[in-house]
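For clarity, chains are labelled A, B, C and D in written order, and residue numbers in each chain start from 1.
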Amino acid sequence: MKDLFAVVMLLGIYSLLSASFFVAMDAVDVAFTEAAVGAGISTLLMLVVITITGRSEKTTRHKPLLALLVVVFTGSMLIYGTFDMPYFGIADAPIHSHVAPRYIQESMKEVGIPNIVTSVLASYRAFDTFGEVVVIFTAGIGVMALLSVGRRPEENEKTTAIDDSMHEQYLVIRIVTKMLIPFILLYALYVQFHGDFGPGGGFQAGVIFAAAIILYTMLFGLTTARKVINQSFIQFIAAAGVLLYGCVGIVSMLNGANFFDYNALASDPVAGQHLGILLIEWGVGCTVASVMIMIFFNFAERREMQQNNEKINNIEGDSL
Amino acid sequence: MIIGLYNDWVVVVLMMIGLYIVIAHGNLIKKIVGLAIFQTSVFILYISMAKVEGGSAPILAEGIKQFSNPLPHVLILTAIVVGVATTALGLALVIRINEAYGSIEEEDIQHLDNQTQDETELQATEGEQS
Amino acid sequence: MDMILNISGALCLLVGSFLCISGGVGLLRFPDFYTRMHAVGVTDTLGAGMILIGLMFYSPDFLIFSKLVIILLLTLLIGPTTSHVLAKAAMQNNLKPKLQQEDNIKETSSSNY
Amino acid sequence: MISHLPVLQVIVPLMAAPICLLLKRSQLVWLFSLFASAIAFIISVLLLQQVMTSGVISYELGGWEAPWGIEYRIDQLNAFLLLIISGVSTVVLIAAQTSIEKEIPKEKHTLFYILYLLSLTGMLGIVSTGDAFNVFVFLEISSLSAYALIALGQDRRALWASYQYLIMGTIGATFILIGIGLMYQMTGTLNMQDLSQRLPDVAQTRTVFTAFAFVIVGVCLKLALFPLHLWLPNAYTYAPSIVTAFFAATATKVAIYLLIRFTFTVFGLSFSFTTLPLQELFLLLGLTGIFVASSAAIYQKNVKHVFAYSSIAQVGYIVVGFSTSTITGLTATLLHLFNHALMKSAIFLALGAVVYRLGNVQLSSFNGLGRQMPLTMAAIVIGGLSLIGVPLTVGFVSKWYLLTALLEKGWWPVAILILLGSLLAVIYVWRIVEAAYFKKPLAGSVPVKEAPLFFLIPIWLLITANIYFGIDSRLSLKVASAAAQSLLGVSP
């Protein structure tokens, strides 16, 4: 397959299919995330990159022999390893009988929310989730360090002019999008708050929220979107999300309990757990949404810059 | 009875397809696509080990006794996020590489690198001689 | 009452499934991009729409019913828009619809995208 | 507060990172991150003290007891590594402000410090945690920030090096993830302590073998053990000097820590070394690594390349010590971790000073530098002597213990090979000394001044520590042997 566009679309389809695998195997939260992230955001980011780098792969001679060797070796190693595994779906496998039963049986009493995945994610293993937020934050900072460019105000006017002239062309999609965006944002908030009871939570909500903003940016231009959400504002939100999450831990520490022990947040342990989970989900949501927007903005900015350069080059080429 | 392991074999095949793309292909975007496939297949491995026959999604509700294991779900939620973070950073690097080298093919880049290496060495030896 | 609901629901589901299948067949068999897009459009709006309506007949309570209505509205809104955008993008990239009969036979085999 | 030290160790630099994003002024951010790193260092000293006097500290995050929640578990080994990492990070940060002024555009300074802190957080997190999956999460924090930091280098080859590192690193991390998954499948737990208790029951299954293989290969990718070292030389050479100084001293150490932790604590000595031929394998790979990398170092034209290859060779020494699996061998390994961190960070900082003055580190531009930058060059020479293993430097101490361990085992040929490997180190260090002191400066090159004070302070701090611990190694030896004993399950 030499057409990268097709490659990326197929990857998106693969992600979506694996998301339906996850639903079939009872992992609704994971499926939700995979659909939003794998099929949504990463496909989108890859498409943006393809518009920058060009969509066709050069025909190069690659050396498949070594790769095949490595792959066959690793694969047979794994197949060899599978022979002693417990069979698929068996209920008394060690994985189901050691740590997990406590989550299933006690989490209602100890944490008090019906969605066990959320209670493990946000309370029993809250520190992993904190790490996850920091990973996303790191990625945002890393992308910014790699791609951010200085502002050039005089060119902005030019691009707005182009945007206006293209308004006619995108009329249908713009109007439909304007109708949709409020619903998407509302849905993001629903997912944010509903994470305790069904699939959802801060991470998915953040991605959906970011998707709405990204949709807006794609249709109305980066400059317009920048007017609503500027770089330093997003940075502030991203940092605030991580800080909010960390502060929940620090407050419980100041109350005399261990880090992330939500029981200490309120007089009643279960109420404390509720409060803690609510707050950290907000932290996750803020950071994820703002980092996703930040990453997309930086990508789009590079693309715009490159196109401007090409335009200038073309004009110079013509005058020569 | 060995057929009870079919889920693992499917996953292994998927993983190896991803790994093969990463190693064998020269296009940088394709490498990242390969990584994504590789990682997603590992996610399927985890989720498939969490499934319990007859169990339902781990959300407590009345009348349901058997649940699938929630812990791998939590782990994979985290891993998905890590995956997208890596993808984003990798793509950012691809953009920069494209700007710096004018190409996103491994061969071209290595070729250009060898050239610059030769040039610097040439300059160094010239400096020594003069 | 239940009878009527059941039968009309089943009918809608049947029609929807048929439309989806015919859309799928069309996607494979139609000669060029624009006609294929038509097939997809049918699956998207009409097929999915009928299935959703059929499901509405079966919905046990109001909450699920209203969710289905919202999903239906969204598909009705988004489906045609995506078709529109796709067609527009194709036009902008100078993809001409196939209008003449004799070209078809030669080119369907070569243009498999 | 004292009971919260284990978590504060990680949380302090972690929380400092987003605060840095809010501070914006690069001078302020530098001071703040230096402050955070120094606090982390102080905490690590306190932790080490506490561990040495009262034994293992366990901290339950979220108040959930161990196999259900995440546990932080600090024993002698962890505390020792925490000390190395936070100490090196603090010392290197002193020079950061001056160094990145020349190497990184101004608007990215804040982002640089944030990434630096995050990478420090990641490493500290990997070392502190007692939970296998938590290791993966923090591994990714440190790796992602590492990719971005390396890509900040001036040369465009930095981008390519960073990309290669990203691909290799992600494959490695995913391998570790597969390994952890298989272990989890067989035991149903993620806690390392719990794993080590439950694994022996299922140790003879093929799944556990596979899990072990994947974890080890994944860690070795991160470790840059020969033959998986291909990403390292370019990544170290083209990264900003500060980053190189930091990573050369810490990143591979963390990977070695993981290797030790998984082979000794999680899988257990008998499984790792008796059931599997790991001992011979590591010995072989370590020795090949020493020779291949040292000979490659001799032919490099770029001094950073020379020392990057020497890092791979040093990993070889460490792995050889580790493969003896005796107390002396492990003590030598751990001592060498500490000592190598001291010498490599000093050398790369000194190279950073050279970059600051000269703009490059080609060997030819070192000609005559001994006169122009006497203090910096002296530091490189002492560091180099330490790499060779000359008495009165730390390098001698760790080599001595390594040889003792090998002789105890009766592995004469290996000991001789190790000595031969050191001779190769003599050659590549000599080439630099020759250029700096015995060659005339290039015609037409502008004479340069001595490095600025902000470079000299950290460099000589490290060199003084190098010589001090080379002469009086009681302190480092005590900690290292205590850690080795606790690993092998011998009560001191």
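FYI, a contact is a pair of C-beta atoms (placed from the backbone, for glycine too) under 8 Å apart; a residue touches a chain by one contact, two chains touch by 3 or more.
This one's a predicted model, so the numbers in the text were calculated from it and none came from an experiment.
S.K.: Using mean Cα positions as chain centres, tell me which chain lies farthest from chain C.
M.R.: Most distant chain from chain C: D.
S.K.: Based on mean C-alpha positions, which chain is nearest the centroid of every protein C-alpha shown?
M.R.: B
S.K.: Of all chain pairs, which one counts the most C-beta contacts?
M.R.: Per-pair contact counts point to A-B as the maximum.
S.K.: So how far apart, in whole Å, are chain A and chain D when each is placed at the average of its C-alpha atoms?
M.R.: Roughly 31 Å, centre to centre.
S.K.: Determine the centre-to-centre distance between chain C and chain D, using the mean Cα coordinates as centres, and give it in whole Å.
M.R.: One centre to the other, that is 58 Å.
S.K.: Centroid from C-alpha atoms only, then distance chain B to chain C, rounded to Å. What do you get?
M.R.: Centre separation, chain B to chain C: 34 Å.
S.K.: List the centre-to-centre spacing of chain A and chain C in whole Å, with centres computed as mean CA coordinates.
M.R.: 29
S.K.: Name the residues of chain B that each touch 2 or more other chains.
M.R.: In chain B, residues 15, 19, 49, 71-72, 75, 78, 82, 85-86, 89, 93-94, 96 touch at least two other chains, as defined above.
S.K.: Note the residues in chain D that touch 2 or more other chains, in rising order.
M.R.: If we look for residues of chain D contacting two or more partner chains, we find 133, 137, 140, 144, 147-148, 151, 178, 184-185, 190.
S.K.: Can you list every residue of chain A that touches 2 or more other chains, as numbers and ranges?
M.R.: Only 78, 82-83, 85-86, 93, 95-96, 99-100, 103, 125, 128, 131-132, 135, 138-139, 142-143, 146 qualify.
S.K.: Mind listing each pair of touching chains for me?
M.R.: All chain pairs meeting the touch criterion are A-B, A-C, A-D, B-D.
S.K.: Touching residues of chain B toward chain D in the complex: what are they?
M.R.: 15, 19, 22, 28, 31, 35, 38-39, 42, 45-46, 49, 71-72, 75, 78-79, 82, 85-86, 89-90, 93-94, 96-97, 100-101, 109, 113, 116, 120-121, 124-125, 127-128, 130
S.K.: Over in the complex, which chain B residues touch chain A? Could you list them?
M.R.: 1-2, 4-9, 12-13, 15-16, 19-20, 23-27, 29-30, 32-33, 36-37, 40-41, 43-44, 47-61, 66-78, 80-89, 91-96, 98-99, 103-108
S.K.: Which of the residues in chain A end up touching chain D in this complex?
M.R.: Contacts found on chain A: 77-78, 80-86, 93-100, 102-103, 123-128, 131-132, 134-135, 137-139, 141-146, 148, 150, 235-236, 238-240, 242-243, 246, 249-250, 253, 257-263.
S.K.: Mind listing the chain A positions that touch chain B in their complex?
M.R.: 4, 7-8, 11, 14-15, 18, 21-22, 25-30, 33-34, 37-38, 41-42, 45-46, 49-50, 52-54, 57-58, 60, 62-64, 66-68, 70-72, 74-75, 78-79, 82-83, 85-91, 93, 95-96, 99-100, 103-104, 107-108, 114-117, 120-121, 125, 128-129, 131-132, 135-136, 138-139, 142-143, 146-147, 197-199, 203, 288, 295, 298-299, 302, 306
S.K.: What part of chain D is in contact with chain B in the complex they form?
M.R.: 133, 136-137, 140, 144, 147-148, 151, 156-157, 159-160, 162-163, 166-167, 170-171, 173-174, 177-178, 181, 184-185, 190, 301, 362-365, 367, 442-445
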